[in-house]
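When the chains are written out, they are named A, B, C and D in that same order, and each has its own residue count from 1.
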Amino acid sequence: MATLLFSGGTVVTADGSYRADVRVADGRIDSISTGEIGAGGAPADERVDCTGKLLLPGGVDVHTHLDSRMMGTVTADDFGTGTRAAACGGTTTIVDFALQVAGERLGDTVTRYHERADGRAAVDYGFHIAVTDLYDGALNDLPGIVDGGVTSVKVFMAYRGSLMVDDGELFDILRTSGRLGARVCVHAENGDVIDRMAADLVAQGKVGPKYHELSRPAATEVEAVHRAIRISRMADAPIYFVHLSTADSAAAVAAARAEEWPVSAETCTHYLTLGPELYDGPGFEAAKYVLTPPLRERAHRDALWKNLRTGGLGVVSSDHCPFCFSEQKELGRDDFRKIPNGGPGVEHRMSVVYGLGVHEGKLGIERFVDVTATTPAKSFGLFPRKGTIMVGGDADLVVLDPAGSTTISARTQNQNVDYALWEGHTVPGRIERVYSRGELVAKDGAFVGRAGHGRFQARATV
Amino acid sequence: MATLLFSGGTVVTADGSYRADVRVADGRIDSISTGEIGAGGAPADERVDCTGKLLLPGGVDVHTHLDSRMMGTVTADDFGTGTRAAACGGTTTIVDFALQVAGERLGDTVTRYHERADGRAAVDYGFHIAVTDLYDGALNDLPGIVDGGVTSVKVFMAYRGSLMVDDGELFDILRTSGRLGARVCVHAENGDVIDRMAADLVAQGKVGPKYHELSRPAATEVEAVHRAIRISRMADAPIYFVHLSTADSAAAVAAARAEEWPVSAETCTHYLTLGPELYDGPGFEAAKYVLTPPLRERAHRDALWKNLRTGGLGVVSSDHCPFCFSEQKELGRDDFRKIPNGGPGVEHRMSVVYGLGVHEGKLGIERFVDVTATTPAKSFGLFPRKGTIMVGGDADLVVLDPAGSTTISARTQNQNVDYALWEGHTVPGRIERVYSRGELVAKDGAFVGRAGHGRFQARATV
Amino acid sequence: MATLLFSGGTVVTADGSYRADVRVADGRIDSISTGEIGAGGAPADERVDCTGKLLLPGGVDVHTHLDSRMMGTVTADDFGTGTRAAACGGTTTIVDFALQVAGERLGDTVTRYHERADGRAAVDYGFHIAVTDLYDGALNDLPGIVDGGVTSVKVFMAYRGSLMVDDGELFDILRTSGRLGARVCVHAENGDVIDRMAADLVAQGKVGPKYHELSRPAATEVEAVHRAIRISRMADAPIYFVHLSTADSAAAVAAARAEEWPVSAETCTHYLTLGPELYDGPGFEAAKYVLTPPLRERAHRDALWKNLRTGGLGVVSSDHCPFCFSEQKELGRDDFRKIPNGGPGVEHRMSVVYGLGVHEGKLGIERFVDVTATTPAKSFGLFPRKGTIMVGGDADLVVLDPAGSTTISARTQNQNVDYALWEGHTVPGRIERVYSRGELVAKDGAFVGRAGHGRFQARATV
Amino acid sequence: MATLLFSGGTVVTADGSYRADVRVADGRIDSISTGEIGAGGAPADERVDCTGKLLLPGGVDVHTHLDSRMMGTVTADDFGTGTRAAACGGTTTIVDFALQVAGERLGDTVTRYHERADGRAAVDYGFHIAVTDLYDGALNDLPGIVDGGVTSVKVFMAYRGSLMVDDGELFDILRTSGRLGARVCVHAENGDVIDRMAADLVAQGKVGPKYHELSRPAATEVEAVHRAIRISRMADAPIYFVHLSTADSAAAVAAARAEEWPVSAETCTHYLTLGPELYDGPGFEAAKYVLTPPLRERAHRDALWKNLRTGGLGVVSSDHCPFCFSEQKELGRDDFRKIPNGGPGVEHRMSVVYGLGVHEGKLGIERFVDVTATTPAKSFGLFPRKGTIMVGGDADLVVLDPAGSTTISARTQNQNVDYALWEGHTVPGRIERVYSRGELVAKDGAFVGRAGHGRFQARATV
């Protein structure tokens, strides 16, 4: 395999930024040097000129839903299209949810997802196992799952009757996972209260997509976060919250972390950057933003940025869960409860967080790398192979031009969906080149890699 | 200048640990590589075999008092002996206090300290300017000081009549420093209340060294910390607390940081590891531990370790302020208020924090590097030249053998003082070699460098 | 009806203590005077000499379970014996739980309890409606219940399968109650987690009564309290916690109250005064203390007293839920989960809180009156008819001799149960005489009233 | 002395409201009765028909400055005019500050104030001793002061050079007072920081009255409150804050109280009801509102009301410190620092708090009585003689017509000052009659009592 030299750029890690040349051999970084005469830098077969550019670790997105059956339909991206979009957006590793269907043994679920991803993925990938049916013996099946490199378990505190586990099940899963060193990822919303609120709204004839938001007020998330933290303490097990959207949730996590409770959390690109005024759009437009939890007011967004800076939150993920507006979102035209919950974003996470975060002064560049790559990798057993620029690590690299810009549109995106959450936004910063294990997979937003390049990543336990 | 290759060791930074070879040329790190064939590693003139060893950034100790006149005497180490001791203990940069005497212009103070250090120092050094007399025009003299690379200002909230500034002066210094980008370092104790408590004890005939502790209860520190945080907010300026010793102080800092107030703080080696039972020693022994603030109970020490882990505290310094037991400490035989306040420690900081922190599971190895080198360097404008292992940075390096051990004793130490705070302790870990800008300055605890090698470090503003 | 004059005593109310004569006519207080010549005090038919005594409002115990079918048996006191015991202990009003059985309409439940109490009760009484089965239309039946003077609703967050409501039902009940001005009383424990913990213990062969305690750690209560507070906020309705037993629960309530959330709470006599060492008793003795929640460590008890003083907690109730040791408690000899949960206490609440609270300096005498009579009456729509000494109010009065003492024993008690929680304790203070609406109902601990004297109290809404 | 019967009204105490007749003999309440035939109510010489009216305890105002030399002038009301105004406004007891002048022994200060008040006061009065010069031996003089019924000590944390004590003096005064059972009242502002801020403003030519406000931001009060609470803890002594004006101060007090620290506090009528927009008035108008601390934004006012409801704050006082606009306020025309700090208010406190608090739903009527009479009396050793309606207590009574209204104007007021803070306000509620120890002292806002009626009140210790 050819050796590569990324020369003249500014290397950025969570810890600092510095001028250096990075050499890659056999898909791994084998040298970082000043590039001065005589310093490191055995000659390389190819030189990538990074002058004036930032050289970043490839993004790690730990929250995607590819080829996933939910709410009566299937997400619009499969492992082929979804990972191509990831690559184009500067994300070189994803961790997707292997979602158990009722009655299915957990091992079978994982096998099913391996089959879906194998040979199709354009970038590296791993799985969380999402437990929705705690059948007799399910806890005994967990060690095998974990041994297979699926070292995290997802549960839902909402969607009674389909995905939800009750507090006793949550407790049991936490206890078992804790013993195994597997991290439990929690979707925290009080589903029972939400169901009552939603039913009330529908009973009043309030069936439009805007009411999705009103049926899931901030307090329904906050309550569940507090509850899950307490249950994880009783179970003596680490817990990780997915897609936090509110100021008080972030505060609860930060407070627990200050007490060294093993609690951590992510927010998502859209909770940082989009507001609920989008629910006031014309016609059925608002359905595009029917995500769970819903978009929140500015005070929440400000608090999320703040917690990313202070460390209350450690990760920004995409929660890429794409459904086409046409035919899919439309399933809920007459009842917001039937609109598939989710939106696309794996392709735009890095650009949006860079452009609206770093460039606007909300996040330092080192912290940007931390929350989009380093901490996700550390949290899910991928570090230091993934998530940083370090000799010995995989050469997953992004060349970003801070002087460029990126325009987001459904017309030009690689995501297999008919709209984009940031449609029409032009954000500062341009991802020029993306490398996965030393191979160029995307250039100027276009995919130049290949299906099947991506490999399953067996992840370490906590 | 010869090139050096540190090969086979585990490189540790605040961000992670990994196997790599580090090459040094002209006193700087010019390459980090896997050491595999063809990877980096232009041949070096000399190879340092680090197999089985940790390769750490040289320690940065931002709190020392060398050749300093205080409480009627002078600290026992000057810039010659003090920096030799630092080198032997793995510390390759110190920031000392240029302590103004009453009536002295600030520029003259700095000049005086330059003269003391120049040609004597064995490792690199910088100064904080310690303002004790806010003469008319003092604030106007500050910009010149800062321009000269002295980018931090020390003030005392205790010792009325000698060192103390009042709240109005603190406010003024903060405002001016904030505008200049200089960081204000605060000794936070309520001196007025302490003076009353001390006078009361003496009036009751309680004059022994133990009463030093009782005259400075935790609450006197905690109050001052809260006050100074609030005053810094009014002045809209960053603040840094030196030598925090109590749980509640650390909590106050952590809370302020969680709100993004620009507050940071250090604790010291002895507050982490020594307890107040030492004040019950026989005869006048306790005078050795008459430090300010005094040693605290275990609950405080546990909280300090916790805050080092969670980020409430970012720095461990030595507060090296050595006075010989004989003749110096004895000045206070009849009245604890006259015992010179301080103890030695620049030589033992790295060993003790490693041995009692990392080895006992209180601190991860990466966090050890962070609090002893990286964050001190970042906090005081020395990063990334100092405080990490990064290509382009100074080759200040420590080779530590985790399988070795270190025994501390006054008989063997390099500090110019007749006792050691950790006398007789044997701690895990052995600092084998210490390099300053690529030059070997200490080997197995013995000084092999030279006076005058150390250079003044003009530091950046905040 | 004869007039009565209570002369020479110290009248105690929540607001203050003072020397005064209290005159009663037609069962109500019609004058309070200094007793000086010419002051108030039209002549009375009978004079009760209270010199040296305290004259207190009759106790209001808002948490009793009389004649109640629970856990496969029936509580040992019915409305006859239970209210006699109340009277003897200085309690002149109780509010009992009308406990719905599955499938029963709420109106029928109340009717059933009226039949049980009517003609039997020795002191005044009211009902809470305890909803355990939220049948279709149940919420529509609530207004009728409230109109009938049953202005509070009890729900359980534990005991899935028998008593427990889920979060959605709790939310619905709160919303409806809030609109009606009815107060919702919550048994707050995370039943699902407890059931898992208990099942685990039993699976390990840990079946003795001590394991009851271990299956219900403090955190199971604390979690439920936080959750219920949040759900009550979403429902915009007041909430009242029964039988809080832990420091953190009390803190949560206090914090909510400080923010003016309409949250209030009681603790019980036994949580203030008895500790978990009682679970270490010989043989099956510990079953006597199988109460829910279980008895807690001293730190919790101290916190409960503190919160009674500071107002975090406003009420001490008995949670009188008596089961005989013989035959009843014994149902759980082989499995602690089958031990009927509860203990006797309506008779001893006033004596124990006075003796162990007021006399030992944990509670001021005015606050004692407040938490045993005034605030319970105010909280449940009985004030100012009940709960204080005020002209116009019912003449429910207790004459207490602070110089006397009370010895508690199953042999001498009026409760219809074969053990006493404070067996053998002698506490300072002696309740000499108890009056209900001007009639002497107990004297020196012996009942001198009559069945049927007690009247149903239709209570006001919030 | 004639007996009086207040019949047909609603008696209001902190604990409850009820219909009753109140009989007065010899200046004290000797009977409270239902007024039904045969109930209490020995015939009285005079009947005051209170039908439709509220019968309240006379107000207790614990913060006035009469005949007091401050800031180069003397307050405009002396003990004659000031207590007449108090009487007309429904306040029947004041506690004024005996303000030490530099060099004066404390006993002489008290004697001086006795001479000023004696024979002039129209209502009852007491003194706080305000210590401004802690001369040698001052602490030894305190016991004599306390023995003389002056059981509270005032200190200032602002006004260096005239009134201010430093932290050491505060500590000493607290310790001594704590031992004596005297309560220390603290004016909490960081005077040193304020002086710097004020000097800066003046240096910038910002000399108008508006800059008074800007030189004393909320944070200067909040800091001092936190500091004083901590110092009182070190001194193990109760502390009482005068004139709190900010949300965070109130929160600090509430938090301390929740932990049972013996901290209590008042706010003042104007901090509840007037805002800083008054500093934008034309010309020198704003000088009328140059009070210390200054008026605050709505969020602070809302928080003060909230804390009055929740108990964080217990007292509303007037801080009556009147200076005429003409000649007095004008002393600071060219420099806001020379404007005498203070405003009139003893006459309007009861009306304004009733009208803008009770009537607008911010305060329950019972809580109104509590904060204007009961808690002030309890806090300063006057209860139950003063501060409630209780048999045996002084017949200090106010008849208030809730259906009436009160218009405030300098033209009609009794205060000896040329403006009113609430000029032109018409507030609901009318104080019709005011009685001091059974004597009518004011009727419909006009004084009908006599100079010299008022008696010095020797107050109890804590």
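Going forward, a residue touches a chain if its C-beta (ideal position, glycine included) is under 8 Å from a C-beta of that chain, and two chains touch if they have at least 3 such contacts.
Computed from a predicted structure; not experimentally measured.
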Steps in the shortest chain-to-chain touch route ending at chain C and beginning at chain B: 2
Both-way neighbours, i.e. chains that touch chain B and touch chain A: none
Most remote chain, CA-based centroid, reference being chain B: C
Centre distance in Å when chain A and chain C are each reduced to the mean of their C-alpha atoms: 52
Computed distance of Cα centres, chain D from chain A, in Å: 60
Chain centre separation in whole Å, for chain D relative to chain C (CA means): 41
For chain D, residues that touch 2 or more chains besides their own: none
Which chain pairs touch, all of them: A-B, A-C, B-D, C-D
Footprint of chain B on chain D - complex, ascending: 166-169, 171-172, 190, 192-193, 195-196, 217, 219-220, 222-223, 226-227, 230-231, 233-234
Residues of chain C that touch chain D when the two form their complex: 3, 13-16, 18-20, 23, 25, 28-34, 36, 38-42, 254, 257-258, 260, 306, 309-312, 374, 383-384, 388, 390-393
